[in-house]
Amino acid sequence: MSDNPKNKSTNTTHYAVEINNLVKTYSSSFKRKKFKAVDNVSLNISPGEVYGLIGPNGSGKSTTMKALLGLISPTSGHCKIFGCDSKRIDARSEIGFLPENPYFYKHQTAAETLKFYGKLCGIKSKALNERVDELLELVSLNHARNRRLAGYSKGMLQRVGLAQALIQNPQLVILDEPTAGVDPIGSREIRDLIFKLKEDGVTIFLCSHLLEQVQEVCDRVGIIFEGTLVNEGTLEQLTAIQNQQEIIIENADQGLLESISEIIQKHSSSGAKLISSNKPKSSLETLFINTAKSRQK
Amino acid sequence: MKTLINSILVIATLAITGWLKMPFEQKLAEQMHELKLVPPRLTLEERSKLKQKAFIATYGSLRPTIAAFSSVQTTQYHSKQEWDKIENAFSEIVLLDPYNLYYWETASWHMAANAAANKKQDLSLTEVARKREFKKYIQKGKDIIEKGIKINPDNWKLLNLKARLLSNRYRNPNYHAAIKTYREILKTPNLSFHNTKNTEFVIQQCLLQIPEKHQEAYDNALRLFHSAPQYRKPTTQNAIFVGQNHPLNKVAKKMSINEIYGSPHDAYRILNIKWQNRKLGPPPYGIEKTIRLLENELKIPNNKRVFPTKPLSIKSTTTHIIAK
Amino acid sequence: MATHNAQLELKKTSFISLNRIAVIAGHTFTQLVRMKVFYFLVAFVILIWATKQIIFPNETGGSGSPEQELRLLKSTGFAAMNIFSLLLALASTALLIPKDIEDRTLYTILCKPVPRLDYLLGKLAGVLLLILVSLFVMDLILSLFLHQKLSGMIAIHTEQLAARGIPKEAIQEYLARYEAHGVTANIHYATLTIFLKAMVIASIALLISTFSSSTLFTIIATLVILIIGLIVADAREYVINMAAIGQESKLVSTALAISILFPDLQFLSIEDGVIDGRTVPFSIMRQILIIALLYVATYVVLSWFAFRKKEF
């Protein structure tokens, strides 16, 4: 049973992110028609949770994120970050944000970019230098740290974006399409990084179109459609086909398979039936990565 | 609605701050105009005359720059004797940089000296037309200076320019007006002794050019002579000498050659030069007689004399003896 | 999943921080420097050197031409400084915020604990720092060439005047006239007012860019305000004079009332007086500084007002 979006916890003080009845309406200056980008969205993210917000283009994902980041003001409703109103600047001391298709100042190198953002967060020079070294190592950009961003590929820019989002060790990381345009190896690395952050207790709020990846990393998922949160819950709750069971057996011979089939037939009176029996598939992504790794060796 | 309210607030803030600072700004503007730190404001007519230059020139330091480069361009017009273009160019230049004496000087010089002289020699014109054009351009030169004086009333050099033009013997001189203008220069506060002296000398020279002012010329020369040693120059010395020999001058006490010139040698030298230039000034009363006396006294060789003596002839002596 | 106490003590962010402003200013300065704007200084040196070579012929027999050469040198120098600082103030400021919005680099900055006022002040300070450094160097170059020209002139003319028998006091008077055009505090005051002018223009451009999403519109609007600011004093005087002779026009008077919305930039142009060799009293400089700072403060506050709730 999926969580009804309306069955939210009333204990608001324990959430990393609280979005309550968020409405955002835009007026079109020419036609004077009002457009509701977000319509009464409510969601809460617990600390240390990885929450994915998915939906088609124009569904209100970015608008919801921007309201949380204080880049836009809600028409009604409110957003809180660790109990602090998101419109307040204090709330941003614990946020790291990676926008979609991040674009940084071309004239700077990766190291300079990270130092710039670090200084904005008030990190002092020695600690900052160490942090920059650490992050560049983490996102595998040490080899290009002194190259200007104008010469960076999209994937490299994405990694710089991730690094700047983590510069001040935030407790909440907001990622908008973190793997958009990134190759499978890069995507895998970002996914692993998300896992690592999760282990460190960092709350992650991400938007993505790549449903497989959302499925891999998220604890809970919200589905937004035309500005409304239409479904929300854990992945198991949302994706499990309740009346089906999947059993994977290794090294089963034909005889065993036939025995299982017979057992199922015997219980056919209860409505059980065998839907399919075939070999599970690896993903194209796994194949790609394994091929790349073997080539590197 | 919010945008409208915000816009109103912004405009209201600008209006209130604008209104509050106006008296302060007006006072500062007056001070700056008084000190001539900013050029005079352009009227609408002047702006329309300058056209785009007026807009460009309104930005600080561009006015003098445009004026300077425009003035360099006028040398081309000068070489082609395009006097109307020079006149138009300078009428804009002095609008752009009105406190710069150089432009008033150059503009009036082009009109009163160059253009006037050119027209005077223009054989394509009739005699009458030549005289008319000559007069016209001299007047243009004077008008330019007058305009400059109006904008720069405390600049004595413009008055000097005017007086020089008025006293220029080749430019329809008006010595009365020149003297009046020079005397205005003398009223300039903190005028240096050097400039005062030069102005006094020029006044003296102008007085000498006016026949009916012979007494005033003599009295003025005496005053200067006795006021400071720096005034004991040929201008005043000769004026005293000629003045005290003028048949119509009232002379309280005649001064000797030595008192005027310091020594017979100096007297001879200075009077000699005066005699050479006798046509440029008033009648040289007493100069010929004095030169002759000095030549005898100083035993100047006959071949070097201004007035060499003729050798005595026998015929003339015989005639004298028979008569007796 | 590791649990975490949601009741985090969020770090307090001050309303304004000089450190943050300095970081953004330094960053903006570097950004503009790496656009190679300093190459203009090479052109400036060449221009001043070429102007120094110009000799005005002493045609009229007056003594004005050496002074005219010094004037030309100063006016060319100041004109170049004005044009450069105007272009930089206008283009840089008009470009900065719209570019940040378009590239979404603004999001990454505002998502850090950076108040919008700090962002605006940092951007403006970065542009002004660049203009200040440039003008400082140009002032040095102009002063050097002016000093060279003047020294040469004084040496030549002292000799010439002495040879003509002009007395010492008169020679001193001539030289004093030339020295009035030399490297005095007035040159630096003029450079300072050029900087103040650029500062006001940059703050106007900043204000417009906070509500305009188009760089082109920002540049054009700022230019229009600049032109109005330069002629508003003349226009006011014209209307007052017309009113004095009974020739008023309601339309013109209304336009004049609206003119108080615009800055009056005539105060920020003392270069003409300095080119003429006039002395700028310190009291005047102080008043000019106060007015300029008031303008900038007003425009910055209004920029913040327009920007604080701007949505991206």
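Order of writing sets the chain letters: A, B and C. Residues in each chain are counted from 1.
Here is the rule we use: a residue touches a chain if its C-beta (ideal position, glycine included) is under 8 Å from a C-beta of that chain, and two chains touch if they have at least 3 such contacts.
Worth saying up front: this structure is predicted, and the values here are computed from it rather than measured.
Taking the mean of all protein C-alpha atoms as the reference point, the chain centroid lying nearest to it belongs to C.
Most remote from chain C, judged by the distance between CA-atom centroids, is A. Ranked by C-beta contact pairs, the top pair of chains is B-C.
Averaged C-alpha coordinates put the centre of chain A at 48 Å from the centre of chain C. Note: centroid distance chain A to chain B, computed from Cα atoms, is 90 Å. Centroids of chain B and chain C (each the mean of its C-alpha atoms) stand 42 Å apart. Multi-chain contact residues of chain C, defined as those touching 2 or more other chains: 309.
Not a single residue in chain A touches at least two other chains. Per the touch definition, chain C reaches chain A in the complex via residues 1-8, 10-13, 19-20, 23-24, 27, 30-31, 34-35, 103-105, 107-115, 309, 311-312. Against chain C, the residues of chain B that register as touching in their complex are 2, 6, 9-11, 13-15, 17-19, 21-22, 24-25, 28-29, 31-32, 35-39, 41-44, 47, 55, 58-65, 68, 72, 75, 97, 99-102, 105-106, 109, 113, 161, 192-195.
Put simply, chain A touches chain C in their complex at residues 13-16, 46-49, 66, 69-73, 81-84, 89-97, 99, 101-105, 107-108, 116-117, 119-122, 161, 164, 168, 171, 174, 198-201, 203, 219. Note for the complex: chain C touches chain B at residues 54, 56-57, 59-60, 62, 64-65, 67-68, 71-72, 75-76, 78-79, 81-82, 86, 166-167, 169-170, 173, 190, 193-194, 197, 227, 230-231, 233-234, 237-238, 260-262, 264, 266-276, 278, 280-281, 284, 287-288, 291, 294, 298, 301-302, 305-306, 309.
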